[in-house]
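Heads up, the next two complexes both have chain A, just with different partners, chain B and then chain C.
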Partner chain A sequence: MAAYVARRFAYALLILAVITVLVFVVVRLIPGDPIRAAMQQNVDLSDRRIIEETRARFGLDQPIPAQFAIWLRDVVAGDWGRSLQTGEPVREMFHRRLPVTLELFVGATVWAWAIGIPLGVLGALRRNSALDVSLTAVAIGGVSIPAFWEGIVLIYLLAVVTQVLPPSGFVPFTEDPWLNFKSILMPTFVIGTHSAGFLARYVRSSLLEVFGEDYVRTARAKGLGEPVVVSKHAARPAVIPVVTVIGLAWGQFMAGSFIVEYVFALPGLGRMGVDAIFAKDFPVIQVTLMATAVNVLLANLVVDVAYGLLDPRVRVR
Partner chain B sequence: MRPGGDARGGLRSLARALVGHRLGVSGLIVVAGVTLIAVFAPLLAPYDPYKQSLYRVLQPPSAAHWLGTDNVGRDLLSRVIYGARVSLLVGFTATLVSAVAGVLIGLVAGYLGGAVDNLVMRITDAFMCFPYLVFVLALAAALGPGLTNIIIAFCVLGWTGFARLVRAQVLLVRELPYVEAARAAGLSDLRVMFRHVLPNTLAPVIVAASITFGLAILTESGTAFLGLGVEPPTASWGKELRVGYTYLERVPLFSLAPGVMITLTVLAFNFVGDGLRDALDPRLRGDRLR
Partner chain C sequence: MLTRRELLGVGMFGAAALTLPPAAWGQGKKPWEVWDYRTPPVRGGYFRRSASLDVGLLNPNHWPVNDWLVINMFYEKLLITDGSFRPVPWLAESWTFPDPLTCTMRIRKGVQFADGEPFNAAAVKLQMEWIKDPKNGAWSAGWLKPLRAVEVADEHTVRWKFEEPWGGFLGIMANVPGYMISPKLLQDDPKKADTQPVGTGPYLLEDRSAGSWIKTKRNPNWWFGKAVGRPDMPYFDGTLTTIIPDPSVQLANLKAGKLDWMTLSKSQFEAVKGDPALAVYIGPVNHIRGYRFNHSKPPFNDLRVRQAVAYAIDRQAIVAGIEFGMGRIASCMYPEDHWAHNPALRPWPHDPARAKQLLKEAGHDKGLTVAGYIVNEVQSRARAEAVKAMLAEVGITWKVDELAPAAAADRMKNLDYQLAAGDWTWIYDPDLMASGLHHPTGGFHFGRSKNDAAIALIEKGRREVDTEKRRQIYWDLEKVLYDNCEDVWVFWEMWPSAYRKQVQGYDHEMTVKHKEIWAWSHPLWFKDGRA
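Right, the complex of A and B next:
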């Protein structure tokens, strides 16, 4: 098992290296002069000396490969650069916003489980019935509905028409736990329903697969009741693909948070990323892209390891 | 028998199997409907979607304007009808380019194996660590505004899924006796790849293409909602939503109507993909959802 984990970990590091290059290339493609753009408001741009000095200070006068080397060295050393807009260290911005996004991710996972698993189990138990077809339609609907529109509809129904929840904004948990709970209820639901759709589909098909196995038939044949068969015999092997979906979903949550934090005005990493992209604030874009990819990479790694733990056959592959 | 004949027969039986799939068929109908709306938009739209009028801004639905008007007095129904063009154009182009590029790369990687295969797979692994929306947003911002750049950005990521799918298929097909026979008969690698291996890898590609179509529409409307994508006067569902969102309390239909269209269209493509997948899955064959 240790060798298996080590192998997966080494592989993740390799992919991380490729990602790092990819992010750097994408960000350097951004046209325009970020220094000029950033200094427009407060500096006399006719003074070339100031511009060149600033350029040198950010290392932007170096050739691209050298910039990459400098950036990599700094990132590893814990210096993630400064925002071109505010001059604030990106690392501080990141740490301030991370808890908001993580809270969204955790909440979204709860919704995904709470909705996706029952839907999938129900569909598998009533296989090919009208209920199953409708549940399938609902699950695909969860995957198809655009997050921003789902958010807008929720705001319209729950904040404009009935006014049971605040339309947008964020209250930190430490300030007021109840208001915090209310402020993340809709955003987490929006992210969660998307994954719930996938989850329901997977739970259904993996349960159906397990129902076809000999040991389930044996359990039924020896007279066990259906609830026991489902919960004791079928559930455990069916959990394995579910782990995959949760991991994949966790990786995709960042895309959800880009949209949802924008719609609900939440001060998290997604909003930071959107703002940075439109301001061409590339130290911030770099960190956001890296965080997004590393999140996926970590989720995949956890899935791989969990897979190895749950299914010994995987380890020898 | 011509080697290509098999695959065409495969696709035909796939189409037959899909016809028995309730969700798949309803998806196909909606896809056909939205396509007709897009093609015949000039005939269907009651007004010019670009004609502004300051005398009728933000009107509620009426007999004259079924969905009301937007913030510069344009007829919303006409805008929504024309919006279908952008969504389908993006979906179609992005899917086609992604699929062709991905199939070719996957075919070569799987067929050649070794270092090439290794390199391609590592690159796809890295690309796949980026969710579509985040990647397209960043790359499209780098490439500059406009629909073409959204499509390009999508394809830069979109080929990876197809490449992996085809590569996995090629690994299976490559070992089959008929491929060995073709090679033993002295056919060139290119000929074996394209005439004998490729046709037998295409069925799952069709499924992936219909899912990707929906994904491309979602991604385009998402980036448009956040502020990238088509240039202003062009009507796009995502853009409508972005503007309509600010008037949610006064004219809810402004943002609700384009959203319904996006959801319906993406849902339809996913239904078709789901139907095709069920039709393809041998384990489910014979007792598909009916």
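Right, the complex of A and C next:
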């Protein structure tokens, strides 16, 4: 098992290295000069000295390979650079925003499981019934509704009309746990429902497949009740493909956070990324995209390990 | 960059609900020197507003600054502007030009920075030298190019020496370089000024979470309130600016009572104007929306083709159909309420038949294809679609790319366009825009045109310090540009905004009439002293 995990970890590191280089080069190849664009008409651009000095201050006057070498050297030394927009150290920005995004992910996972798994199990147990069709429609709806639209509708209903939740913003848990809970409820629901739709569909089809297996038929033939059949005989084999979906969902949460954090004005990594992309804030884009990559790689690693634990055949391979 | 909403939106510095007593004019007072409140102001509460972007750096001379309203809470300028954007006194009391290369300026006594440092001539001198020193990386340094030296004549008198006669000097001091920063901060730890502002303004920094919110608290020693016999000014305990990127979520916060003021997007106006909890206004903004020709290559090196475009565009339809009626049809580059605008000019009429005739005369009777770009933003896209259709009607196909600001800046620099978006925002001293767009050394010119008469007038305007003569120069300049159809001017901007009715003291008419000077001198308050 240890060798299996080590192999997976090595792959992840290799992929991360490739992504690092790709991200660094590609964002710099996007047309446009971030300094000139951001200064706009505020600066007398005929005074080229100001542009050049500002560019040099951020190291953007160097060739891309040299910029990469400097960036890598600094990152190894713990310096992730400074934001072109706010002048803040990127590392500090990242550390301040990471807890917000992690809380979002955890909350979204809770919603996804709490909604998706029961819907999938019910659908499988009542296959082709009116209930199953209805649940399928709900699941597809959850997948199809755009997050920004769902967010705006929820804000209107729960914050403007009924005023039971705050429209936007974030209160840290350490400051006020109750307000923190209220501020995170809608955004986690929006991300969670999207994943819940997928999860419900996978749980349903996975269970249906297992229900057709001989050992489940045998269990039923022995006269076992449906709850025992499902929980004791069908659940474990059925959960293996579902683990993949859960892992993928964790990876997709980052993409969801780009939209949801923007809509709900949450100060997390997703919004930091959106702001940075609009402003061509290279150091921040770099860190945000790498965080996205690390998140996906870690999720995949966890899925791989979970596979190994759940299915001995994987460990042998 | 979203951006310098410092004038009509200036909620917390807004105005009093008053009817100006005409007698005040007769007593030699300026209209903004009157505080005739129907209900007495009440102290207390935090004024809550939203912004779509974080303020950025808090030293106005260090790029980027995304929210000038926040900057105005901490810092004040030597001069500010009146209703026609003319510089008027603020921290500077008076000035004279004993010769064209010298300005002698008296500054106010009894003003202190928030760290206790006195505001004096030495502070002004230090700041200007700090801005000009390249090692300090001030993006405003270019604006001080004509400044040779700053001398301390006495504690409260500054003598400015210029390299050449400098007509735009007062306008520049009413702009970014004029924001006065504590000399101690600039001397001891200028880097700190990026995050810890120390000025003379009505508020002090209380707390900040960059990217999320910034909170200020009342400056109990604000000189202005004391100087006008109203020591309770500013009336709010502080302000809270929350960063909410999405306009519809900003509006939800306003409707839910979580904000006291916001600038609305035009499409939100109709949905909000009937809300009994809100007071909604539309006000003029000193921006021009239009399109820019590249005169350096065909087909827009031909006046007839430029005129054809000007005739083809139906400005009224754009304002009515796309801007929700919020825009003033433009006749040239400076807004109609700007002192530099030539009132004799009339907007180009919509005349497709004349446009076709001109194209035929120019040899384009079989049609014409031109390329260009706009910045990818909702309103810009909608306007460009309308303009495309209007141009198509007269036989011009406009292939327009929708670009991010950075990519658009590159296209402009490389003259890679024939017809492109040509907006200009925050028009104060007329030279910045005139030089920027129409002079070969201008930062947005890059060799796109060569109008000798305009260049001569721009250079004359830079050197002229007499206000009336300077006005005539810019009137002449606008006439020259208009006759040469230098660019397409579509409309001068207007913005809607909304206040919760709990907010007291805003007088829309006076704010529109006197703008910055009114807003700075008439702080708002809450009805019962609470948000």
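Criterion: the second predicted complex is superposed on the first by the 294 of 317 C-alpha atoms of A that agree within 3 Å, B and C clash if a C-alpha of one lies under 4 Å from a C-alpha of the other, contacts with A are read in each partner's own complex, and residues count from 1 in each chain.
Assume contacts are C-beta pairs under 8 Å (C-beta built on N, C-alpha and C of every residue); 3 or more make two chains touch, one makes a residue touch a chain.
Since the model is a prediction, treat every value here as computed from it, not as a measurement.
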item: Which superposed partner A:P166 touches (first chain B, second chain C, both, neither); value: second
item: A:Y156 touches, of chain B and chain C: first, second, both or neither?; value: both
item: First (chain B), second (chain C), both or neither touched by A:V27; value: first
item: First, second, both or neither for A:Q85, with chain B first and chain C second; value: second
item: First, second, both or neither for A:G273, with chain B first and chain C second; value: first
item: First (chain B), second (chain C), both or neither touched by A:W178; value: neither
item: Chain B versus chain C as contact partner of A:A137, first or second or both or neither; value: first
item: Touched partner set for A:A293, first chain B, second chain C, both or neither; value: first
item: Touched partner set for A:E53, first chain B, second chain C, both or neither; value: second
item: On chain A, the residue positions that both chain B and chain C contact, one per complex; value: 30-31, 148, 152, 155-156, 160, 262-263, 274, 278, 280
item: Residues of chain A touching chain B in the complex; value: 14-15, 18-19, 22, 26-27, 29-31, 128, 132-133, 136-137, 140-141, 143-149, 152-153, 155-156, 160, 209, 251-252, 254-255, 258-259, 262-263, 273-274, 277-278, 280, 285, 288-289, 292-294, 296-297, 300
item: Touch list for chain C against partner chain A, complex; value: 1, 3, 53-54, 56-57, 62-64, 66, 134, 137, 139-143, 145, 176, 194-195, 209-213, 242-246, 248-249, 252-253, 255-256, 258, 403-410, 413, 424-426, 432, 435-436, 441-445
item: Residue ranges of chain B in contact with chain A within the complex; value: 22-23, 122-123, 125-135, 137-139, 141-144, 214, 218, 221-222, 225-227, 238, 241, 245, 248-249, 252, 255-256, 259, 262-263, 266-267, 270-271, 274, 283, 287, 289-290
item: Chain C contact footprint on chain A (complex, rising order); value: 30-34, 36-47, 49-50, 53-54, 57, 84-88, 93, 96-97, 148, 152, 155-156, 159-160, 163, 166-170, 262-265, 267, 271-272, 274-275, 278-280
